[in-house]
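All remarks here apply to the structure that follows.
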Amino acid sequence: MKRVKVAIAGATGYGGVELVRTLSAHPGVELAYLSSESYAGKDISEVYPHLPPGLPTLQALDPQAAAQAGEVVFLGLPHGKAVEHAPRLLAAGCRVFDLSGDFRLKDAAAYPQWYGWEHQAPKLLAEAAYGLPELHRDDIRTARLVACAGCYCTGSLLVLAPALRAGLISPEGIILDAKSGVSGAGRTSLKLDFHYPEANEDLCAYKVAGHQHTPEIEQEASLLAGSPVRLTFTPHLAPMTRGILVTAYGRLTREVDTAGALEVYRDFYRGEQFVRVLTDTLPHTRSVAGSNYAHISVRVDRRTGTLVMLGAVCNLGKGQALQAVQCLNLALGLPEETAIAQPAYYP
Amino acid sequence: MKRVKVAIAGATGYGGVELVRTLSAHPGVELAYLSSESYAGKDISEVYPHLPPGLPTLQALDPQAAAQAGEVVFLGLPHGKAVEHAPRLLAAGCRVFDLSGDFRLKDAAAYPQWYGWEHQAPKLLAEAAYGLPELHRDDIRTARLVACAGCYCTGSLLVLAPALRAGLISPEGIILDAKSGVSGAGRTSLKLDFHYPEANEDLCAYKVAGHQHTPEIEQEASLLAGSPVRLTFTPHLAPMTRGILVTAYGRLTREVDTAGALEVYRDFYRGEQFVRVLTDTLPHTRSVAGSNYAHISVRVDRRTGTLVMLGAVCNLGKGQALQAVQCLNLALGLPEETAIAQPAYYP
Amino acid sequence: MKRVKVAIAGATGYGGVELVRTLSAHPGVELAYLSSESYAGKDISEVYPHLPPGLPTLQALDPQAAAQAGEVVFLGLPHGKAVEHAPRLLAAGCRVFDLSGDFRLKDAAAYPQWYGWEHQAPKLLAEAAYGLPELHRDDIRTARLVACAGCYCTGSLLVLAPALRAGLISPEGIILDAKSGVSGAGRTSLKLDFHYPEANEDLCAYKVAGHQHTPEIEQEASLLAGSPVRLTFTPHLAPMTRGILVTAYGRLTREVDTAGALEVYRDFYRGEQFVRVLTDTLPHTRSVAGSNYAHISVRVDRRTGTLVMLGAVCNLGKGQALQAVQCLNLALGLPEETAIAQPAYYP
Amino acid sequence: MKRVKVAIAGATGYGGVELVRTLSAHPGVELAYLSSESYAGKDISEVYPHLPPGLPTLQALDPQAAAQAGEVVFLGLPHGKAVEHAPRLLAAGCRVFDLSGDFRLKDAAAYPQWYGWEHQAPKLLAEAAYGLPELHRDDIRTARLVACAGCYCTGSLLVLAPALRAGLISPEGIILDAKSGVSGAGRTSLKLDFHYPEANEDLCAYKVAGHQHTPEIEQEASLLAGSPVRLTFTPHLAPMTRGILVTAYGRLTREVDTAGALEVYRDFYRGEQFVRVLTDTLPHTRSVAGSNYAHISVRVDRRTGTLVMLGAVCNLGKGQALQAVQCLNLALGLPEETAIAQPAYYP
């Protein structure tokens, strides 16, 4: 297999390190450039001794150097930083896979509202493919810029998609109650909330009625429903390292039992190797941790006319780095599972 | 203070052991009888070395002996066992505080439907006080039989009560997304689901659209609303020992902002020493673990007309044993906080 | 009971907050002054919603104000800060209970060696009582200045004391393998090591052959042995919030079996209400978490002539704040268990 | 690559499931037979939804069928069961890789002493290769029967080997203080000790001075030292799923500093791809979880003449299933890292 040269900007965040782990074993990739502001000059295997030695030395991000080194550039930078660098990388002819939220929203006006800053490259928003292969496979194949789907969004959209597409639930009144492991908070910014004695043995909601992933989910949910969707999204922090569990509630538009609803889901995901619809059991985050798989199931609550939709993904795997590699595989014309077929580590 | 003799049937379950810990330090109580099927003949401080020596030797449950030893009997037995013993204990003149679900539902027909067995003492259902002091303080003061509120129910009802009483949300379409620590599963029945390597680092829902606490919550919610409430209740298992976090969603019936909604909650709980309405922060299970306190807050999602109601309780504290002691204090005419005023231990 | 006015300098660290929790329920104490640099001007119940409202407003530390407000002052300050403030507080007539290591070593020369700074008040080192009641009860009763024992030291010394005093083990070749929960690292300084995703599901040693508690343990062990003790102390970080487990290894000086060794331990701790010698079971940190109790046991490894000594304490309870209150009770002539008799929360 | 047919007896224990996960992605293996007593008749992907569908249906163990299906048989059975089946499988011409302790000890008399049963196939003890490639690579290449090293033993021996071989420490007085995650207890036998609320937030020692891995470690340590080694081994249970951390203490036989001791270790492990000697940092279980890597380091405590040796392995990876695959690779003449090169997933 010919190896494509890949640069990773932001290689020592949790997303970056998952990219390094995965791409260093990818038969179609040669890791050619790794940037890190905190650890410039070091070998990444000193910072993360689980990684193999011999990878390119970490260096402070120089977009020009990244573009020269890599035909493909992954951006694992904090929100607001990717938008600074992507235009130049694209201009230099690179294909760019961005893990941040900087190019996920089609409506530039949503950035000041939800992220608090003006978007400096609004034209790229139209061009960017939304990096959730099960929903946008064709776009991803040919895009110069892939805005890889966020972790909460991946879980939420995979859970909602079949029901919305089939009109099984109303576009109104959807509730998304999402629970994330703490690695979703990243590694760089140490906050008291994520200090072990505070986060351990604790459960809490945060950013209620205001999380910046809300418009991203609504944008894609509206596409699926064919009409505008407004929903309530509540993220929670759970005392575990990895995993997102989404419990979604929708108002059924017609009589259906659990078996019938499951059929709709199985139909939708037929042929999708990374989405598994569970019939007799319910999704567990442990069963997908560290992997690119999503487990989905649904139950009908007939007493209230509610469809309860449940999904588990790994926030750093299918919810981030491994899905980005899935997008890369599509873009390179490789088998979609290249380097990301491994199941979760269990237990 | 005169000491009332107390018997505990089922003293070595997690609820029982919390009762022992609390009542052995209660100035108005003398622990006179402790039963345990698994550890009959042992000193409870051998089984649980954190407990002080010198308590009554554990014995296999003999209701007659319990009734003779205790003026008050706490039942910490598995569901379906309390209904066997309570009638005789009441007939013997004891006051009974039951921690199980056996006397919580007013409608006997709900037992076969939700618990799978016919109720053998339906007349006691009408008589039993529902043991949630903030909602039924007067009943508890005088009842012979107190059906102490379940853990999920305590959290759910404290969260819903002000909004339902004030008509702030519709009685239709309420969603209760509840997350519990694993100690809620009890200690006696070892199941693979609660085997450490399975439960650790995992999050999942269970008994979706069918948990037996649903009718209990609906019964009390209907009383609060003044009209029948049907709701969707989804319990989850979270990787922590203690704590319940309830995230509830209701459809607002009128325009209100978060400040206004909080005002409704503060009004409702004015004077309640064990319920704290948080304004600027959100409830954390850690902040109530091991205590009889509940932390509640609400946020308005104006975009969707939804009231998001959040509450944290300790499943074994306010959700079980400590609340049972709160009920006892009411029944004995003691200050309500006797022996249960201690805050959570943090962190 | 007459209430003594107490000031706490450093009330919002983990040790401080345990002091506040405990002393606010102490019948012989009135909390008169609470300092916090980070939260000056706030009510402590805003910072820690598990604590009751109505306590003195937090203020930046002013030693003069503390001395005026409190007859007794607890210092919950970072190492190196207590030595700045204690002299003035003592001069003002306060009794001082210091939770730091600043006055624990008798040899001033050990400070530059182990802590990296010169001691500015070496005369106080001789005067300070070492705050481990089971070993220095009489000194603590009358001391102006109590240097409360460190968490690792409390666990290690309670485990070693009977064997050393009885000459059961050699003073040479002692190994202390100690494991601590992460709250031992404190709250103030956020470090990547204690970031939840790093500390969770991880176990590691740190400061091997160089931890600053080593000379403190050796000093007290030498007193117990009646001859100089040099030992190897290895601290570990374990993925839990609270608890210290010490596994100590000593070379037996005479033939003894486990029963005989246990007898030595029971004799030593006869009458000690806070130390429990376990015979058939081994110490678990969970059984002492949040409490002032220590659980100890020993086993003889006859094949190698080794005495394996095991002990569990709560690093914030018996290892810190609750033991400091035990010292206060001694100093005030109160029953030693006042406000600290409560067992661990279990589970 | 030609695919060898492999049978796994005991495919649904934690070791078995790791074998399935790893071998199903092994280019030189075809999984031909999977046994499970508990789940006979099911597809393993129903029991473990993280595993891919399409694997051989689980069946109750029939040694004849296993021998027919597989040229190679892995035994993931409880201790005492492998000895029943191995002789027949060998007689049928299979190569056998046993994950249990049944063939690890060379001295048949040690079985009644440490395991409590008489060994029924003592001749095989001499023949079996001890499955720790870094110590017995050549034996493993040619053996019919490989007794894969136990988890504690792997960690302990990798930590001790360089020092013993170099005579850096005395063969007397070695202390092994080992800490294991709870998955080491397996999945089949539910015990209260491993019930989540009991094991979580707890740390304890167990089987002090009597664990059955002791003679296995001593046997191999004696070979390394060239003289009989008796040591004290203390296993602990730590609140995490995976990982073993061994902290070993040896008496230095000569003056050496940490740099010099590290040099001895680096020399010993030169060329070993799965053992990494850390210089500036210390081993963390997280850095090896789920992988076949071992991280080792040492520190000299000059004050006491002690060598502190530290090592981290994954109890199910290098400590069990992945190391068994490493042995398989040797036996098949494949590159040793085939299918097991992946790093830990971090965090």
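Lettered A, B, C and D in written order, each chain numbered from 1.
Basically, a residue touches a chain if its C-beta (ideal position, glycine included) is under 8 Å from a C-beta of that chain, and two chains touch if they have at least 3 such contacts.
In this text the structure is predicted, and so the values were computed from the model without any measurement.
The fewest steps needed to get from subunit B to subunit C, moving only between touching chains, is 1. Interface comparison, C-D versus A-D: the higher count of C-beta contacts falls to C-D.
For this pair, subunit A with subunit C, the centres built from the Cα atoms lie 46 Å apart. Averaged Cα coordinates give subunit C a centre that lies 39 Å from the centre of subunit D.
Each chain gets one centre point, the mean of its Cα atoms, and the points for subunit A and subunit D are 36 Å apart. Subunit B has residues 14, 181, 183, 187, 197-198, 200-201, 239-242, 284, 286, 289, 347 in contact with two or more other chains. For subunit B in complex with subunit A, the residues that touch the partner chain are 173, 175, 177, 179, 181, 197-198, 200-206, 208-209, 230-232, 234, 236, 238-243, 245, 247, 249, 251, 282-286, 289, 299-304, 306, 308, 310, 312, 347.
Of all the residues in subunit D, the ones that touch subunit B in their complex are 14, 181-183, 185, 187, 190-192, 194-201, 239-241. Contacts from subunit A toward subunit D in the complex involve residues 14, 17-18, 21, 25, 46, 48-52, 183, 187, 201, 241-242, 276, 278, 280-281, 284, 286-291, 293, 295, 341-347.
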